[in-house]
Every structure is written in C-alpha cells, then in structure tokens.
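Submitted below is the structure of interest, expressed as structure tokens.
In this document, chain identifiers A, B, C and D correspond to the written order of the chains, with residue numbering beginning at 1 in each.
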Amino acid sequence: MLTILFDGIAYGMLLFILGIGLCITLGLMNFINLAHGAFAMAGGYLAVVMMNSYGISIYWCLPAAFVFSALLGALLERTLYVHLYDKSHLDQVLFSIGLVFIAMAIVDYAMGANQQIVNLPPSLEGRIDFLGASIGVYRLFVIAICGLLTVGLQFVLAKTRFGSRLRAAVDDGRAARGLGINVTTIFALTFAVGSGLAGLGGALSTGIISLDPTFPLKYMIYFLIVISVGGTTTITGPFFASILLGVADVAGKYYVPAVGGFIIYTIMVAVLILRPQGLFTRSTSR
Amino acid sequence: MFHKGFFKGILGAGVALTLATGLPAIAQETVKVGLILPMTGASASTGRQIEAAAKLFIAQNGNKVAGKTIELIVKDDQGTADMSKRLAQELVVNDKVSILGGFGLTPLALAVGPVATQAKVPAIIMAAGTSMIVDQSPFFVRTSFTLPQNTTPIAVWSAKNGIKKVVTLVSDFGPGLDAEKSFKAGFEANGGQVIEQLRAPLANPDFAAFLQKAKDLKPDAVFLFVPSGQGATLMKQVAERGLAQAGIKVIGTGDVTDDDLLNSMGDDLIGMITSHNYSTDHNSPENAAFVAAFNKANPNMRPNFMAAGGYDGMALIYKALEKTGGSTDGVKLVEAMKGLAWTSPRGPISIDPATRDIIQNVYIRKVEKKNGQLYNVEFDTIPNFKDPTHK
Amino acid sequence: MSMSHLTENSAGASSRLLSAAKWRWYEIAFWIVAASLFFVFPTRLALLTEIVTLGLLALSIDLILGFAGIVTLGQGAFFGLGAYAAGIAAKYGMGVAPLSDPIVGLLIAGAVAGAVGFVTSFLVLRGSDLTRLMVTLGVGLIFAEVVNQARSITGGADGLQGVMLSPVLGIFDFDLYAQTAYVYSLGTLFVLFVIARVVMNSSFGLSLKAIKGNPLRSRAIGIPVNPRLIATYTLAAAYAGIAGGLLAQTTQAASPDMIAFHRSADTLLILVFGGAGHLYGGIIGAVAFRLMQDAFSSGSPDVWLAAVLNALPSFLNFWPIPNVLTVIFGLMGPKYWSLWLGLVLVLLVLFVRGGILGLVQSIYVRIFPSRNKVKP
Amino acid sequence: MNADVMTAEVAPILETRSLCKRFGGLVATDNVSFKLQPGARHALIGPNGAGKTTFINLLTGVLTPTSGSIHFDGQDITNWTLRQRAIAGVARTFQINQLFPDLTPLQSVLLAVNEREGAGRDWFRPVGTRKDLVDESVALLADLGIDDVMDERVGSLPYGKQRLLEIAVAVAAKPKVLLLDEPAAGVPESEREQILDVVARLPTSVALILIEHDMHLVFRFAKTISVLVNGGLLVDGTADEIARDPRVKQVYLGEEEVVVHG
C-alpha cells in the first residue's frame, strides 16, 4: 500500500519536472509547444551517452542534461519559436509536431530505435525498508531531487524579483508589458529553464522508464493531461495534478489491472468536463 | 463472373491478359520475394533483424536457385495492418512477387492472409507468433515459432524444478494471451499453480505497479512475456523491484531476454531462466558460421530469434524452389514446403505437413556471462517440439 | 441612389453569390482525372484506394477545422469507430447481405460514428483550443482503450479478423487488383464530397464561416453558434466513420492502429498540407502525402549515394562534403521518413500559409491581379 | 435612484433594476436602475473607466450581472444569452470592430438577415437563392453607402467602411434597441461625417443608446443622457438638463478632452 503510494509519487514527481516548463510557457505566451518532450529526450540521450559510453557518474550527467537541454531550448526559442507566438494555435500545434518528428528521426539515426538503458551506480540500486514498506533507492533519489527542485522553483517564483515579474506576465501579459516588464526576455529565460528541467527529467527517467525515439510522442499525452488537470496559472496546480496522475496511474494498475489504462484518460476528460480551466486553477477574472 | 467480364471490357487487353493468365507470369526468369516488415515505429527492430538476415542468406547462397534469379523487395508497413495488406496487394499485383514474407506482428500477418489466399501466393511468417495465424490461409507457412511452442517447455520445466506457485505477467495482446494460456496449461498439468494472471497494456511505459502486485502475492516465481523490444524496460524494473531479494525467481520466454538487447540490460539478468527456439549462443557449426557472418555484415547488431526466422524463411524459399524445379506456382510451392526438413542455425527444424507450422527444438536457457558479454546459455533441450495447441 | 440602380446592383449580387456554388472547369477536370486513374494505373489501385479513404478522412477534418474552426486531434476515434462498426457488421453478416453488404456497412459506420460524435460534441463546445485538443485526444484514447479491452467483440490488440463482404450492389466482388475497391471508394468519396460541397455553399455553410471568423459577432447577429457546431461536428464524425468503414472493408480488417493517435495527427497534417477550408485540400494533401511516403518507403538511397559520390567532381571531393552527403542520403531511407515529414511541416508553418492550395491561390492571384476578388 | 425622466406613461422597451457587476473586488456596475423608452435617442457618457462598456455588455448578454435584473419589452431577460437577446431585438455594435474579416460586406449583412428570417439553417440551397433577402441586404448596404465595396474582403476595407459595416450588420437584424459603442472611434475626420449621418438617419422605430466621448456628437444626437461615474448612475435627464448640471461639470473638470470638445 505504502509502496504503491510511494511509487506513484515518484512517477508523479518525474512527470512534474518533465512537464512544468510546458505549463509555464503555455501560461506565459499561450503557446502550445507539443515538442516539449523532445527536450526531455535530448537530456535523456545525453545522459545515456555520457553514462554508458564514457562512464561518467550520474551525478555529473544530471546537471549536464539540464544545461544541454536548456541551451538547446534557448537556441530554438530564439531562432524558431519566436516566429510562432503570434500565429494560431493550429500553426503552433503543427509546427511543434513537426519538430517532434524531426527530433525522433535524428535520434533514431544517431542512436538507433532500440530502448536505451542506463546501468545505475550501486549506491542508487536496491531497496530499503521504510515503515514496513519496501522502497526503491532510485525512486527515493528521484523524489528527493524533484522535491528540491519544486521547493526551489516555488521559492524563485514567490520570493524573487524575477518570480514576481514572471507571475505578473503569466497573469496578464499586456498589463505586465505596460508596467515595463520585458516579457520577451522573461519568456526566453523561462523557456530555456523549462527545457532544461525537461532535460533533467528525461535524464532522471532513464533510470525508471526506458528511452527510445518515440519518447516525445509517448509522453506528450501525459504532459497534456498534467496541464489540463493542473491548469497553467500556478505551479502548485500542475504539481498536485502530476502527483494525482502518478498515484492514480500506479494504484489503478495495481488494484484494478484490467482497467488500468482507462483511469488517467477518464480523470482527464472528467476534469475537463467539470472544470474546463483545470482542477487546481483559481477562478480568474479574465 | 459477370464483374470480371465487365472490367475486362473496360480495361483493355493488356490488363485483361494479366487477369486471365493468373498472377505468377509463365516463364519469368526472376523470382521476386516481397518482405513486408515494420522498419519504422515500435517494432522497427524486428524488421531490421529480419531484413539483415534475409539479405545475409542471399549473400551467402547466391541469388540463383533452380535456374531462377531471386530478387528481394523489402517494404515498410510501419507496423500498421491496413498498410501491410495494401503492400501485399501491391507486391502481388504490381511487382508480381511469387512469395511474400515477413510480418512483424500478429495483426499484420492476419491482414495479409486474404491476399495470400486470393492470389495463391505463399506467405512465410518470419516473426509473428500467435498460434492461430496459420489457420487463416492455406498459403501461410511459418519459420518463426509459436508462443505455446516456446512457453510450454518452461512451464513444464518450472513445475518439475521445485516451483509451485507462479504469477504470470504478459503483454495484453494475442501472443501474450497465448503465452499466458500455454503456461497455465503446461504448469498446472504438472502440479503447479498459477495464482494470478496479470496483463499489462501493450503500450505501457511503466510496469512498476504490475511487478509490485506480483511481488506482494509472494509466488515462487514470476513468469514474464513481453514482445521483443520491451524486455529491457521490464527487466530493469524487475531488478529495481527487488524480486530476487524477495526470493522470487524470474522465468519467461526468450522474447524477454532478446539476444539483441541482452547486453544492454545489465548483470541483473544473470541467472534468469527462459525457454526459446533460438539463442545466439547455440552451440553448432551452422550457428557459429551464421553469427560470424551476421556480425560481419551488421557490426552493431547481434542476430536474435527474429533474424533466425528471417534466415530460415529464405532457406525455406530456396529449398522449395529447388524442389519445384523453379516453378513459382503457389500451390506447388506450399506443397513443396510441407515436410521440408534441414539443419538451421537454431538446430534441426522441419515444416509440419499438417499445419504448415514449424517443428523445432526448444531450449531451456540461463543468462550467463561469457567473455564479458551476456548470453542465453542453453542447458536443456526439448527436441522436435510441435505447437501443443495445434492439432 | 436611384431605385433602378439598386435593383440592377442587387440582381448582380444574387447571381454573384450563386456563382460561388457553380462547378468550375478545374473541379470537373479533377474528378475526371481521379476516375481515369483507374485505367492509367491499373496496378496501383490499392494505393489509390488508400489515398481515397485518407482523403475522405481529411475531408471530414476539413469540415470541422477548415470551415467551423475547431482544432481537433480526435477524428481518428470516429475513423476507428466506423472501421470497427463496418468490420463487425460484415463479420457477423458472414459475407451475406444485408449485414455484409458494403453500402449497408458504410451506413452503419456513419451512423455509429455520427451518434458518438453527436454525444461527444457537447464536450468540444467548451473551453479554449487547448481544452478542445485535450478533450478530442482524450476521447480518442478512451476509445482506443475500449477497443483494446473489448477483445471478444473487437479482437483486441490483434485486430478484427474475418471481415467478409458481399459484392458491391450484389455484383462486384472485392478483387486482388482493388478495381472494385477503387471504384467503390471513389464513388463514395464523390457522393460525400458533393454533399459536403452543397452544405458548405449553403446559408448554413456561410454561417459556419462566420462562426469561425468571429463567434462573438455571430452570436450578436443571432446565429445559434453551438447548435451549428454540434451539427457540423456530428456530420464530420459521420464522414470520418464512413472513411473508417471504407478502409475496414477494402482491407477486410480493422485493427487498433486505425483508432490510434497518429492517424488523427497524420491526417491533420495532410489537411494542412493540402490546404484547409477548400474541400479539395484534404484530397490533394492525401495524394501528395502518400506519394511522398511511397517514394520514401521504396527508395534506395544507397544506390543514389553511390551514384552521386561517383559523379562528384574531384574538386568537391574533400572533407566534409562526402561525409555530409553520406549522412543526408542515409537519412533518406524509409526509417527516417518522419524527418522529412517534420521538415515539410515546419517549413509549411513558417513560410507557406494555406498549404498547397493556398500556394496555388496566391500564385493565381499574382498572375491575375484583376481577379483579386473574394472567392467565397 | 429613479432614472425615469421621461413621461412614464409609455412602457419602457429596456429597463434595468439595481443592476450590479463585480470583477473580484472591483465594482464595475453599481446598482444601476435605468429605463429606455421606445424610439429613444439616448446617450451614455462618463469619464474613462466609468463602466460604460461593461454596462452595455450586461445589457446585451456578453456578461452576466452579479445581481439585479434586466427587462426587455416586458420580459425578464437577465439570464438570456447574447444570441437570444439578439433574436428578440437587442442589437449592438462594438467599440473594437467585431466583423468577419474573410467574408464580404454583402455576406456579412446577409448572414444577419438570414438568421432573422430563419433561413440560416438552410443547408442545401446555395447562398443567394433567396433573392428577397439578398435584395434587402444590398439595399441596406446602399443605404449606408458601402454597396460599392460589397464584394471586397472585409479585412481589406478601409477602417471607416468597416465601421459603417459594423453598424450595417447590427441594423440588419431589425432590432428594437440598438446600442452603439463609440461608432466613430478612431475614424479619420474626413469620414466621420458619413457615420454621424448614418446614425442620424436610423429609423425612429429603433431605440438607440450611444456611448460616446465626443460631446459634439452626443449633444447633436441625443435627446436624453445618462452619466455614469465609477460604475454608478450619477444623473440622467434631457440633454439640456445634463448640460447645465453642476455635478456633471465637476466630474468632467479634470478631463481635458471633454473641456476641449465641449
């Protein structure tokens, strides 16, 4: 029971780190970036190559994945995405799906279609007993990192000048521009950090789920569920949505394996019917 | 036959001639073999293994047989059934192939069945493993394996080696259910007990919950089946879940310990026992030659059971053509294939004249480390084993 | 303003409006070409049949996206529903009419998909583009899961087998050359196209364009926006269902990938590639898409690479040119088809508004600036 | 507060009772009770941010009130949708053009006429089959002086023409009440007169409410005026009364724009 809860939380935390960048950029620029998972995949593959081909420790791979994906995100944002902000949602969807296809083919070409697996250092393998429940050390590691990042993010958003500007820009971009806040710069930075977090999440996920070129498509649906349930106006919304999703998914498969696959989709559709703006959004005056 | 006449009338003489004379042209010197394989998508590795093996066979044996030149055409169906069917139709109608082959997954093979029947073209199943496929068309012949064939031996072996209670975990699709059913039948007939049958969705990134459930039921062993390619993720999670520490043995079919991926799965697998029809490690001169040649042509791949299916599929085609003296008549070819027997890299195999399914040795193997690499090392053999569900 | 001037002006207006609905020479030519392909490519009819069903699915997305402006990723669900409905009907008909009659099967497919479309349309009316994307996607995923679970009816992940059809109109059996399949599919597409054309040229169709252009103003002049959208969504769902039915009948199988997400995404791309909002865009996109795909899947980049490297003048034969060429040709194999598809999409969005037909239209306007009037 | 300054014998065509609208903590419409007589020529004025557009949005159903009620032609329409009110006879123009950029002016007007006559759901006859409706649309466009561009794309029309079309589309529904939200806003001086002329020529069967900053226009056009301040109704009365009212002067004292114009 506790083990299931724990597994679910670990899975949810991972989804949160993978998807939070998408939530913020969507809230900020009303931009639907379905290619977000490609940045996660980039980080994941970088970690795989570093660990498996060069034997570099996972503790170095994680920050490297973050930096790599963040730089990639910043580069693409400045060169490509910037042309798309004033286009229709349909154009954004098509453009980002196009990017996903390109990313999948490039990875397939460079790395092959096989599932990539990393072999974790012994210190992160095995299980420990906690309150009578058996818990995987690596999942604990994932929870710890994601938890720290969440607290850090929340701190940045709530306590720093950048955070208050970001929140203002998410709340009402037009008003924020009027107040002299440089929304474009904030967006570029946020996009880079969001991509970096996705890359970090991708690198972390290689220890739990496997990585193959279809990763961005497979997880796109999960990200979108997180957003639609959690909304895009806060980071606590997506956070709780991710945890809920992770726990519901794992618990569903555990207790009612026959219908396990339905549960998350059903939750999503139900939430969207009852609360089209998301489960955890405050009512907005807009 | 009004409609044929109707179309003949409007089509003009050229096409009508082809229609009237039937599909395999009378005295063509080239025999075209059309392989329909998933080269992209989730099952891409299956297609790439089979293509590599088929090309290897032709390279080794020359492209001439019984006075005819063999030409291989490979088409990618992306793992979608409607495309397999359309490609089969086009290969027959457009490229005038005499023999079809490949078929990465059960639904893809089934989609081609009506075409093979209608066109009277033999269709060699080189991968798909659901038992009932060969019943769907009299032109299906199989050189891969069936799930009951590969599963029953491990079920019997387990029951006889001190395992009493088992939880099965399979992918929720035809072959998975075949494996689940065969395991239960074979295991319980020999005194064991299957205490829970879990089915994971085919497209499932996370097995954690299912494995936890299996672990909590405290069986003696967990039986696993997932299609080729998903084994890596599954085994990583098996290790992470700590089944071995909890005293639960892990057994399965060789699909899980896919030779091609085995090395990347890590040392956690050492000691896992599976039953299967082919191992890269199989100890025979035929296999040693096959593996060496395969590795030479494809440095980054290790031949797995899919490659064996593709290689033997081509062997079957060559032998059948020799027997018919080069005739490409579909009915004659299938008749020639029935009962053919030879020694393949995987050991002695033959085609059951009654079912057109393959009869082969099934081996019980254990994952071991040799020269720094992981292999499925065979330690027991069930010789000339037929699909037990197919009478 | 004199009265006579007014009536004259207004008579002109009426006929100008009506002329938009007239068949133009290039439309007639289009259908004649489509029909004549039967004779021109007698061995490629299976591919052509597939293009026709794909075109019909794209047409159904055009109705809802191109005309009513609703972004959807769920049309694949209706396509799959139609495929299974027609497939199951034919299977239980055991090859005997009425259940196994192809046309009855299509009607069943259209009715089932239309009914489900009607019910789910209420979900789509709410929320923003993103919510719509999610709901349509979610509904699609749920149906895919239902198909997977209801093994006894659908065959689960192995697909539905044993689809047996009686001859079309009791006369024409489905044959290996796909002659019957092509004529039958093209006929179905034509009938449905004509209906769609009539609807989109009617007052109803005009009000859809208004809703797409400005829903607020549409409500303010009394257009019942939601009922119109529900009707259109239902119609589009029925069209998608019939397209699915056609595919199930012509391939004699239905499988879970017919209902999968990539079908919706691909078809959306096809429509945008061809040009949304023209009715022809989906069909033209389907032709272009499948021909491209076919070229890629049967291409032999190794041979081309060897030829190019051979022909490469020596002054160009230094690093990194041969290496770059090797990579580029390496990427031309069927495995990397998605790279080129993605590239086309990205370029399309960045540089070419309105797809192929949009391009044609803008060239036409540039050549004949005097005709730069709105083509309603 | 009683807003009824006209003789109360005629039943009002449009009436609000204690209408309130809050956005979070902000009160945008504060307890407004207001009556409009059939055929009225009424102006709604007030400084920037007084809540004029919010009030119009409440009247037409773009927004729903927090409390209070709205009555039209003897019926309580508080919970009616924008479309229901449009059908019943409440039409409006928008401060920012709300047009169909990809359609033509003729199509735009015909749409409104179609819906009024129930021809909008006709799904099998091509547009233009009902010649009477087309004639009416063309006549209306001619009346407003934009029939010369009736086959152009709306999005490519000059702004003044678009502004006229905004009125044409609203008038096409043959409303009983028409709300004009700054009809001449942003129109170049040279084209302004045409719009004012059109407004002046609207038939008296329509009760008009005009929101306007330009006091020239207000006093030229309106017989009665209401002044909104901070969401509440400050005062209403005939144009002369309002012009003399000291409270109104005080409200507008800081407003340079009004001083200059007025």
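One rule holds for everything that comes next: a contact is a pair of C-beta atoms (placed from the backbone, for glycine too) under 8 Å apart; a residue touches a chain by one contact, two chains touch by 3 or more.
These numbers come from a predicted model, not from an experiment.
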{"item": "Longest centre-to-centre distance from chain D, chain (CA-based)", "value": "B"}
{"item": "Innermost chain by mean C-alpha position", "value": "C"}
{"item": "Rounded Å distance, chain A centre to chain C centre (Cα mean)", "value": "33"}
{"item": "Rounded Å distance, chain B centre to chain D centre (Cα mean)", "value": "74"}
{"item": "Where chain C and chain D are represented by their mean Cα positions, the distance between them in whole Å", "value": "43"}
{"item": "Centroid distance [mean C-alpha coordinates] between chain D and chain A, Å", "value": "48"}
{"item": "Shared interface positions of chain B, touching two or more other chains", "value": "40, 44, 201"}
{"item": "Chain C: positions in contact with at least two other chains", "value": "145, 148, 335, 337-338"}
{"item": "Parts of chain C lying in touch with chain B, wherever the complex brings them together", "value": "39, 42-47, 49-50, 145, 148, 156-159, 161, 167, 171-173, 175-180, 247, 251-253, 255-258, 297-298, 334-335, 337-338"}
{"item": "Residues of chain C touching chain D in the complex", "value": "1, 6-7, 9-10, 13-18, 20-21, 198-199, 201-207, 209-210, 213-214, 216-225, 228, 373-374, 376"}
{"item": "Contact footprint of chain C on chain B as seen in their complex", "value": "2-4, 6-7, 10-12, 14-15, 19, 23, 39-40, 44, 75-76, 79-83, 85-86, 89-90, 92-94, 106-107, 110-111, 113-115, 118-119, 130, 136, 172-174, 201-202"}
{"item": "List of chain A residues in touch with chain B within their complex", "value": "3-4, 7, 11, 52, 108, 112-117, 119, 125-127, 134, 136, 138-139, 208-210, 214, 218-219, 249-254, 257-258, 260-261"}
{"item": "Residue ranges of chain A in contact with chain C within the complex", "value": "26, 32, 80, 83-84, 87, 89-91, 93-95, 97-106, 108-109, 113, 217, 221, 224-225, 227-228, 258-259, 261-262, 265-266, 268-269, 272-273, 276-277"}
